[in-house]
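Look at the two complexes coming up: chain A is in both, with chain B in one and chain C in the other.
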Partner chain A sequence: MSDEEDDIILSELSDEDLVAQMFDDLYDGLKEEIEEAVNILIERGWEPYRVLTEALVGGMTIVGHDFRDGILFVPEVLLAANAMKGGMAILKPLLIATGAPRVGKMVIGTVKGDIHDIGKNLVSMMMEGAGFEVVDLGINNAVENYLEAIETEEPDILGMSALLTTTMPYMKVVIDTMVEKGIRDDYIVLVGGAPLNEEFGKAIGADAYCRDAAVAVETAKTFVARKHNQGAGAA
Partner chain B sequence: MIADAALTTRGLAPTGQGRVLLIACGALAREILALKAANGWDHLDLQCLPAILHNHPHKIVDAVRAAVEKHRDSYDRLFVVYADCGTGGLLKVACAEMGVDMVPGPHCYAFYEGNAAFAERDEITAFYLTDFLVRQFDAFVWEPLGLDRHPDLREMYFGNYEKVVYQAQTDDPALTQKARAHADRLGLGFERRFTGYGDLMTALAAL
Partner chain C sequence: MTNALSKLLETRDWLLADGATGTNLFNMGLMSGDAPEMWNIDETSKITALYKGAVDAGSDVFLTNSFGANASRLRLHGAESRVHELNKAAAEIARDVADAAGRPVVVAGSVGPTGEIMSPMGTLTHERAVEMFHEQAEGLKAGGADVLWVETISAAEEFKAAAEAFALADMPWCGTMSFDTAGRTMMGHTSADMVKLVGKITHQPLAFGANCGVGASDLLRTVLGMAAAGSTLPLIAKGNAGIPKYHDGHIHYDGTPELMADYAVLARACGATIIGGCCGTTPEHLRAMRDALETRPVGDTPTLEQITEALGGFSSESDGTDGAGPAAAPRRGRRRKA
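Let's look at the complex of A and B:
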């Protein structure tokens, strides 16, 4: 960090400059600075939901674009995500207390035989940032875990993640079981993970393959809006 | 001996001798050449693509396609010495389209141990290293994951793993010591497992 940056006192910045600084700090993965800035905005009377969307999600969107464009790489994205997580930890209880708008609900988990969760965790965080309630089942989930969770939680979306060529076919096991039980069409099923592709998503009967966390959020929003519209049309 | 750094970034050009061309991952070059020398497989020529494609599986299919197209007319037969290697089945589809065979299995970790034995173990919390990856650990693991700059990310990457399994192709105490040190850096347990060349040898012997 340069001397010039050392001299920045967050509490002395205007709201506009502070949000711009938060974008920079998220980009640089500076967790403590993000936590401090979130607290400052809350003290200044910002609604928690506004802090989340304008400052944190706004900053992470830039990170996401630069990752997609090959300017940033996984380590930098993880540091940024870690910084955002710090801000989210402050905001979460406040968001619940203030009844922030909820776009939808998602159950998400890495499939059986697979312990990789970096991508899944990023998706969870960005979905929460976008106003979704997320129930994260963690790693190594058998079909029973998914079925139990969707029955209990009644989400709009089921998300499945896999990093291995050997574990990604398990997503089809889950979807086929949902078909057998006659519940497949009750949920939006999104899948993601490094070895997956669009053709695979279609072949196993998912609603969509999501290339990265940003795409997952946009896809989820689109499908949930469509589902709600269909619901309104049927009413 | 071929330098690992060259195999990582540039691969290896074919010699033009032999009627069967192996199009292989650079991480397998030394092993394939050792098998070729030990068995007198003079009918096999070897071209290696840059080993670092291991870290970018989405680039493997196009690279293999380009190599097949380039050399198709110069050899009686081409054989792709990649397993699926994270291509999500796309390499298998591409090879079928091009009419060339490839090594079966999900990864070199699987075919070194033997695909059937590897599947049987079902070790989901093991992080595998081969001889090549032990030698090139920094270039393939430590630096690309940013652990040289941000060691605090280690838990995010490896928190769900329990051990490093070093699949040894050769008996080399110095490599074993190195592999153990890598496991320590990752904060994981360590197991050395001698595999030799496993299904790689079987696949090449059939050509």
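Let's look at the complex of A and C:
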């Protein structure tokens, strides 16, 4: 209703109301409002890491759930992610300066022969929205690209995407090469793309298939937590 | 209208389209990651075999091996300058196979999505999209395609751009979208949305409908949705033969020929006129579909329950056309700028 367009002054809201408002603004993809709100919280003395987790990650989680449930679709999620990126751009240098904890790191790319990167980009953005560091290799990646990137970047997770019947098997080529080199188990391998399914992911030797970007984030968190626990146990 | 597809549609109650391209080319040795369109020049006998597979199995219409032959996608293989050549070759081989069939067979020039997101959300402008589709359309036309066929589209803008390009090429056309996300396209369009979208297009298609998506059940729910939305044009159903599984180094779709035969008959009962398969559909599937369409009676419009009983469950409870979809998170209710 246009009558309800009573303009809200973000700086006049309490912390609690402001964060709730940010959830709505992320949902609506309002980039400028998110940037303004992030700055307000920082000015009020919030730790950058708290702004990230409570406001941005919190808001993107709602977006992710509604995407997973078929309420929001790609255009809305792209807008939300764009707004989130606006906030992240402000937070990133502050997070580094304050030595904030890192959730995990992911190298991601669409496989050789495949141009499709819409889903992959969504995963990138949602992972960043969840506090992960993401190195995006783009489209059309041969096995060498992946190997080089995981060696230089030392990520926790390798993500691969394919959208065509003709390119899905290439993910197995990459995983097989990792096995040959004896490095497969050093990484969590997640795969995604419209034609894939859980069983396919298992059959080619991935750790998990992620149906969409929201599921990718949840799966990544679970696996990274498990990996850290194992690491702690072994130490 | 004097094109081959319109003529066939005048004389027949249903037409059998073709099946998969990628799946069948894999079975002939295509390597994952390579562009199938290169074979239009480098492995012409295999492309002839691909087309003949569909025609010999009884297809009345088949699609050319040109799905990814637009400048945006060929760039990956450094072949963006070969759009015209690769499309023309795809259609030429098809023309020869169709003309040798001994019965009317329609060559449909396949046009797939650009893979890019259109503005304002993405970077691909409407003008550039039309230009790329037009370039591809002219190649297919030059090679002798009877009609053009844009498929697996998820964005309304891209569908419109293709229609505009086909008008520029002065070619009749068909178009299908892929409904793979909770019964909608990736961009959120429902089956009813597509009927509205098609209604607004000046250069009207000969037929439209759905291809690919999730499984055969979902696809039929989409066709039912289109029929319910009051479409007057012939509807197209081209569903996948089940879902992909990985066996011994290659991909196998789990839908049997028997299941696809049931699917074909149900598709006709749902209101589809042009019925075929998509990923995973081999000539063996097509033969079973043809046989079923010829020998089984036209059934009553099936209910959703009858579809799931025959073909398996849906991937989501609602497809967005019944007003019973999941509800959005509660909102604070606030101004929207703009």
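Remarks
Following the convention adopted for this analysis, the second predicted complex is superposed on the first by the 229 of 235 C-alpha atoms of A that agree within 3 Å, B and C clash if a C-alpha of one lies under 4 Å from a C-alpha of the other, contacts with A are read in each partner's own complex, and residues count from 1 in each chain.
Please note the rule applied: a contact is a pair of C-beta atoms (placed from the backbone, for glycine too) under 8 Å apart; a residue touches a chain by one contact, two chains touch by 3 or more.
Here the structure is a predicted model, which means the values were calculated and not measured.
By the touch criterion stated above, A:90 is placed in contact with neither chain B nor chain C.
In the superposed model, A:65 makes contact with chain C only, not with chain B.
Within the superposed three-chain model, A:118 lies in touch with chain B and with chain C [touch as defined at top]. When both complexes are overlaid on chain A, the residue A:100 reaches neither chain B nor chain C.
By the touch criterion stated above, A:79 is placed in contact with chain B and with chain C alike.
Of the two partner chains placed by superposition, A:42 touches none, neither chain B nor chain C. Of the two partner chains, both chain B and chain C are touched by A:165.
In the superposition on chain A, A:196 makes contact with both chain B and chain C. Overlap of the chain B and chain C interfaces on chain A comprises residues 73-76, 78-79, 113-118, 139-140, 164-166, 168, 194-197, 200.
Against chain B, in their complex, chain A makes its touches with residues 73-76, 78-79, 82, 113-118, 139-140, 164-166, 168, 194-197, 200. Chain C meets chain A in the complex at residues 20, 22-23, 25-26, 30, 32-36, 68, 72-73, 75-77, 115-117, 121-122, 154, 180-184, 186-188, 243-247, 249-251, 279-280, 316, 318, 320, 325-329, 331-337.
Considering their complex, residues 4-8, 20-21, 24, 27-28, 30, 62, 65-66, 69-76, 78-79, 111-118, 139-140, 142, 164-170, 172-173, 194-197, 199-200, 203-204 of chain A touch chain C. Residues 57, 84, 86-90, 106-107, 119, 122, 124-125, 144-147, 149-150, 153, 156-157, 160-161 of chain B touch chain A in their complex.
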